[in-house]
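Chain IDs A, B, C and D follow the sequence of writing; residue 1 opens each chain.
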Amino acid sequence: MRLTTEEQAMLDGEKGRLVQTAMENIVRYGQVLGAQELCKITKATVFCGAHHYLEVCDSEDFHEVFTRLNLARDEVIPFDRTSPECYIQSCVAACDQFVYEPLNQTEEFFKKNQYYVEEARKAGVTVVGSCSPYLTGWIPVRGEHFVTTESGVTILGNSLWGACCNSDGIEAAFWSSICGRTPKWGYHVQENRHATHLVHVEAPLDSPIEWELLGKAMGMRLPVTVCTPVIVGDFKEVDFVKLKSFFTALAITTNCRMCHIVGITPEAGTVEMAFGGHEVEDEFVITQEDIENAYQPLCDKTEGKVDLVSLGCPHYDIHQIKKTADYLKGKKVHPGVNLMVWTVYPVKAMADLNGYTRIIEEAGGRIYTSTCPVTVGETLLKDYPSQVYDSLKQSGSVRSLPLEQNVYYTDMYRAMEAALTGQWKEEYRWKK
Amino acid sequence: MEKIILRGRGVLPGIVEGTALVCPKGITGWGGIDPKTGEIQDWDNPNKGRTIQNTILVMPGSKGSNGWSCYFGAARAAGCAPKGWLFSAIDSSAAVASAVMQIPTIVDFDKDEDPCSRIENGDYVRMDGTTGVVEVTKSSQRQ
Amino acid sequence: MGKKYSCHKISEGTAKGEALVSADEIMFYLIDPQTGVVIEPGHDIEGKSMAKKILIFPGGKGSSVVQADGLYQLNIRENAPKGMIIQYPETVLVSSAIIMEIPMVDKVDPQFYEDVKDGDTICIDADNGFIEIL
Amino acid sequence: MYLTQEQQDMLNGKYGKGTAYAMKIQAAIGESFGAERMVPITRAHVALSNQEADLWFAEKLLSEGARCRVAPTVNPGFCLSYFKNRHMVSEEEASLMQRTHNAYKGLGAVLTYNCTPYVATNIPNFGEITAYSESSATPYVNSVWGARSNREGANSALCAAITGYVPEYGLLLDENRRGNILVEVKADMKSDFQYHLLGYMGRKIGNGIPVFTGLPKHIGPEALTNLGAQLNTSGAYGMYHIAGFTPEAPDVKTAFGGKEPERIVEITNEDLEAILEEISLEGNREIDFAMFGCPHFTLKQAKHIADKIEGKKLKKEMWILTSYHVKELADRMGITEVLEQAGAVIVPDTCPDQPCWSHLKGKVGVTESPKCAYYPKRRGMDFVIRDLDTCIEAALTGEVE
């Protein structure tokens, strides 16, 4: 692998042990890939907070846990700096940054999480706590190289913004944030960004949930290997909420990390442009029936009482919170139902300013930040036998937890109706 | 005793040997293994309940979310790492996991030498992460 | 009957008044609302009043809010121009004229610019697409 | 212009008087630009200005029953709670801001009070059709994001938010998005400040769509914000290209749509120095205050200042204007505390061209933004323009180089 003088200096330890270790790992990562050189990273999101999987390392010291798990070393290398050229935001943690009791968490865990997050902040990470870093201005521009721990953000960045990112992982995002480099491989190389599969969408897509279901329907048809589909169809009134819903769903149901949309994404003005002269490996059609089939297994059939309604995965933006407030204005959530709305705290502050928070609270709901039900996990979810989500990702991930809950998935309005009536009814199932 | 030789690209050095654990559909990283024991938890994985600890782990590549490597990394930290691993074709998540695990790694096999189809559970595998040579002793032929 | 010139309607209506010709773009923020006098230093018509005139100028300039506020301030004091004849329409100025209900036209017969001078009495009929110098 | 049945119904008053009024204005705009039809938008940003005309128009629409179909984000006025509580505005001024707040809230706008929606809260995607007013916003969404918006006025953008449509003309059409002026930048673009000055070269660049070459490979959002803001202070630009960087300009040839540039302009260090000398008050003097955040500062810029003044005491007032949500981040990150301990103020929702700055009338400030120096002139504030670090130093020492 060819390294620049600056990169070699980092590898030789001239910028300290932390940068050296990060660079060693990045170089090893690049060697495994067969990359010839590295590229400069200017945006990153990192997975801070006291996540449950870190508990395998039995230590009180954040830096020891960090070193063993994120740097994969058995010494202790303090995480005390990041690349000054890279803008780094924190992803969700397993705790809200401001409250713990409503999430059924202990003060001890809350404080541990705060300690972890605070150490990251001191190292140069902007503490945001969101799966949707773009809500606070973290948006790579076309051709910019970035890293993220969020699959949905990888695919959004590659596809919608024409920026460059591979799906690499939590550790690698830290390495890149520290040394400011990643292997120049995969989607970081222009020649690899062409489409491989052609998907004709014949289903009419209106609401965000239908775009989510398109992601799942494609996931049922695409190969498990890495591929770059391009979709064509008569898409109307496409907005960012629909697109983020689609890309997030596609990311979790496939290994796909880039997907062109003809006429919408910048590298796909036409089908030909998307393929860039490369062969079409496969081609298929997604019909309305495919969308409906994708939906059915995601929503339980039993009717009955509802205990939890959760909105906002990915985290809601201010427009979505406004829609929630507009709908809930003057209404009351059914007693015994916990209505949770998830976002990032600066957006919540804006919701406070606009009066949306008050409307939602007066209706009996509450806005939470910095995490989500699945990331908090069993501690929160075990007490709610019947749960409603407006997100394919949440409802899917909840099903893989070892719990025996009823899980319902529908659009935001029907989910709010369920919160108001306290019941799950057949009519709340999504249908066209 | 039937022996076959497969050749891939050796990417992390070291010579190790052990019993193969083959997951032709891969393993989901996030939530797919219990890092404390190395046990596979994927509900649809035929190897559910088996541990990856001290095996030669064979997979096509990574699977699922960007959080793939961290559960393997956590298993490493807990002392439950495999001895070495083989990937049919490398991808970025699997490469990060390899850099984390620092175990002998061989990747990018020809289609007709795909370790996921040529190696079965229980086969005895000797691999050289420098040369990329994988020596497989088929278990059905062994005493 | 005076001489007629064709033009294209931007903001509807008819107006009659004295011509004031400016070679420079106009930012309505820099007009004294109390008098309609242009106060922008170095401007082609600095010191002249546009109140109740037919203003002939190339187009507008300035940020997306200043034109509307400038025209509004003139309008409530009845110091706005009665009509406007421009060459280069852009959205900010066009929407301001429409909202303030001041007749505005563009694409005028080039001969008009040869003939017109300050003080001429001019009729604009935006709806029927002509200007007349009386 | 062709109108669909729904659009015709809007015009005829089926959706209420306010919507009809908004549609009438838009139809007239469409007609005047020769648009053939109207197309739906999915985003809007209204340059709320908290001026009388702005309030008059918003209240008129509201009283006639208009509501936004597409909830727009809005520009800053001044932060009512901050300036009212400190008695820095008169009753009338506070009341104007309160009425503006109420009117826009009633119309269904999202009250972001931020002039840089395009860096965080309202970001269009490539090809998305939108209506953005605010002079720094239009070039950013067209150029950096590849979205499509004409240079809307505050009122035409509000009309678009209400009807949900815009007439299709100008920058909404492919053929009008090609560059026609080649701007070869030979100047040393060493910090975000140089982009302010480059943007201020409007007179030399001339009318049209510039295509910049010679800029660095990595250009951050702050630099791009500065470039767009100053282009529209010194001229009128809906869009620009940066060859090899902005999405519709993978290379120079594509940026010009295969045609030859109509004009070639070279920008050198000397040009930037000359423009700075022209627009700035002379240096080597005592200053009274420093003002930053026109356009609104990002967290990175606020942090930069905090790092520079941490543990020190400012000799002069320092105002850092930002969005409500960056303010939240700054609070959470401990940046606000550092700034306040040094004597700086970071205040959200506020623009330099507002009545809340009456205490600075007749005083001399420093700023890094030519736009900040330009508009408040009529409020009696004068500025020395310098790069950010020099301005910070001036606030610490009380004197500027």
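As a working rule, a residue touches a chain if its C-beta (ideal position, glycine included) is under 8 Å from a C-beta of that chain, and two chains touch if they have at least 3 such contacts.
Not measured: the values here are computed from a predicted model.
Participant: Any chains in contact with both subunit A and subunit D?
Facilitator: none
Participant: Computing the C-alpha centre of each chain, which chain sits at the greatest distance from subunit A?
Facilitator: Max centre-to-centre separation from subunit A belongs to C.
Participant: When C-D is set beside A-B, which has more C-beta pairs in contact?
Facilitator: It is A-B, judged by the count of C-beta pairs in contact.
Participant: Using Cα averages as centroids, what's the distance between subunit A and subunit B in whole Å?
Facilitator: Chain centroid spacing, subunit A to subunit B, equals 27 Å.
Participant: Need the CA-centroid distance for the pair subunit A / subunit C, whole Å please.
Facilitator: From the centre of subunit A to the centre of subunit C is 54 Å.
Participant: Hey, how far is the Cα centre of subunit B from the one of subunit D, in Å?
Facilitator: 54
Participant: Given which chains touch which, is the overall layout a line, a ring, a star, complete, or other?
Facilitator: line
Participant: Let me know each pair of chains that touch one another.
Facilitator: A-B, A-D, C-D
Participant: Per the contact definition, I'd like the list of subunit D residues that touch subunit C in the complex.
Facilitator: Residues in contact with subunit C: 25, 28-29, 31-33, 47, 49, 51-54, 56-57, 75, 133-135, 138, 150-157, 159, 170, 232-233, 235-236, 375, 378.
Participant: Touching subunit B in the complex: which residues of subunit A?
Facilitator: Interface residues on the subunit A side: 25-26, 28-34, 47, 53-54, 56-57, 68-70, 72, 148-151, 154, 166-172, 183, 185-186, 224-226, 251-252, 255, 400.
Participant: Can you tell me which positions in subunit A touch subunit D when the two form their complex?
Facilitator: 40, 42, 85, 87, 97, 121, 126-128, 134-137, 139, 141-144, 160-162, 237-240, 243, 263-266, 317-319, 322, 345-347, 349-350, 353-355
Participant: Which bits of subunit B are touching subunit A when the two form their complex?
Facilitator: Touch list, subunit B to subunit A: 9, 11-12, 25-26, 31, 35-36, 43, 60-71, 73-78, 89-102, 105, 107-108.
Participant: Looking at the complex, which residues from subunit D come into contact with subunit A?
Facilitator: 40, 42-43, 71, 73, 105, 110-113, 119-121, 123-128, 144, 146, 218, 220-221, 244-247, 298-300, 324-329, 332-334
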